[in-house]
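I am attaching a structure below and will ask some questions about it afterwards.
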Amino acid sequence: MSVRITEAPIDVAAETAALARGRSDIGALVTFAGICRGEEEGAPIAALVLEHYPGMAEEEIKRHVEEAKKRWPLSGVRIAHRVGRVTPGETIVLVAAASAHREAAFAAAEFLMDYLKTRAPFWKKVERADGTQWVAARKTDDAAAGRWKKPGREAAE
Amino acid sequence: MSVRITEAPIDVAAETAALARGRSDIGALVTFAGICRGEEEGAPIAALVLEHYPGMAEEEIKRHVEEAKKRWPLSGVRIAHRVGRVTPGETIVLVAAASAHREAAFAAAEFLMDYLKTRAPFWKKVERADGTQWVAARKTDDAAAGRWKKPGREAAE
Amino acid sequence: MKVLYFAWIRERIGKPEEEVELPASIATVGDLMNWLKKRGEEYAHAFDNPKIVRAAIDKVHAEPAAKIAHAREIAFFPPMTGG
Amino acid sequence: MKVLYFAWIRERIGKPEEEVELPASIATVGDLMNWLKKRGEEYAHAFDNPKIVRAAIDKVHAEPAAKIAHAREIAFFPPMTGG
């Protein structure tokens, strides 16, 4: 398990390669990359500026990785999250989950993303030519995180 | 949309980079890599040998990509599938789905993988030191594909 | 009409494809399978459990009841195990 | 006790953190928020909609009713928007 918060660009290929290196039991690798878009709410943006709560952010993510490992048989998990200024096209967050089978890898990656969005202490500010503005939380993110509160979730649901 | 069947190793980083290149509307990129494991049913394997139905394999995958694009707002989809001899650690299949938001990207990637497993005409043979054996279809794969027959599937289900 | 075989069905029959002249009575995919089955031991072996054999007409999945008139090629294969 | 502020709560209050001496009557996260609110206009502005303010005690999420005795640091912040 690797959880990293970084001001430097995230190298998705290097992160996922690190997860699979020297392992022969991984049959499925699901990677989620959250990317900075060039527009927010229909208007172009210059960048996103990400603030976090140092210490808590890492610990909170690690707690959810531990929870994911209890729920699904995972061979490995790797998470990297940018802070500071991120420009359009750059990766904000990377979640990679590896398992013997795809159901576990998909479920774990979704679970981790849903929780990252609503429970990990990061805040985004949009930077535009004419000023800056904090991003409002999406209600659909709370709903997405809420679905994991049901006991378990089967691949064939 | 790109659907490729290839005898050469799949370069996951190059495939996903091609999907995002020159786009500023992609906020979420989900990548699934199906990897050849070093063991099947508890015994080491030398390789998997993949056979396919040329022509039908591409068309069948493209039909499902079209279906995925009807169901979810996707910015792009890229699929590559190996045929021939694949050794442990190599990528057998890559599905990458890009969208503005993560729900669509996750759902489309899962949908495409579930259908690939049960509807795309590929067959795997396990090569071991003492001979070869065709891989039997998993019943859980049929169940996984069956769940998409319900009309729609919401992020918050 | 061209008939194609894949994976262990191909191996049991011993060839990847063949041209066949069908009697007029063969109307569906299921009829064709039953007709092929009687062509010899290798065919009987390939189709010994018809329930698990899948078929395609002109590269589109087809049920046993599907009509084969005007088809260019019919393929038979085991359940798929790609991905 | 150390109190930390993040995002627009930090901006409204005008500082990222501070040390505060609390009266004995302040027992919970909610009590602390109400007490801070009365410290000045900038605090009143930061906490003008207490329902959306989130808190953590020693880097673990905490509800308004959570007891703050023995805490080293309490943080206040808006709903999270990472990922």
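Order as written gives the chain letters A, B, C and D; numbering starts at 1 within each chain.
We take it that contacts are C-beta pairs under 8 Å (C-beta built on N, C-alpha and C of every residue); 3 or more make two chains touch, one makes a residue touch a chain.
What you see is a predicted model; the values in this text were computed from it and never measured.
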- Message: Suppose subunit B were gone and every other chain stayed put; which groups of chains would still be connected through touching?
- Response: A, D | C
- Message: Can you give me the shortest step count from subunit A to subunit C, moving only between touching chains?
- Response: 2
- Message: With centres defined as the mean C-alpha position, give me the subunit A-subunit D separation in Å.
- Response: 26
- Report, in whole Å, the distance between the mean C-alpha point of subunit C and the mean C-alpha point of subunit D. 71
- For subunit A paired with subunit B, centre-to-centre distance based on mean C-alpha positions, whole Å: 22
- Note on the structure: In subunit C, the residues touching two or more other chains are none
- By the touch definition above, subunit A meets two or more other chains at residues 34, 113
- Message: Which stretch or stretches of subunit D touch subunit A in the complex?
- Response: 4, 6-8, 10, 56, 59-61, 75, 77-83
- Residues of subunit A defined as touching subunit D within the complex: 34, 50-53, 55-57, 59-60, 81, 92-93, 113, 116-125, 134-137
- Item | subunit B-facing residues of subunit A, complex | 12-13, 16, 20, 24-39, 88-89, 100, 102-103, 105-106, 109-110, 113, 140, 143-144, 146-147, 155-157
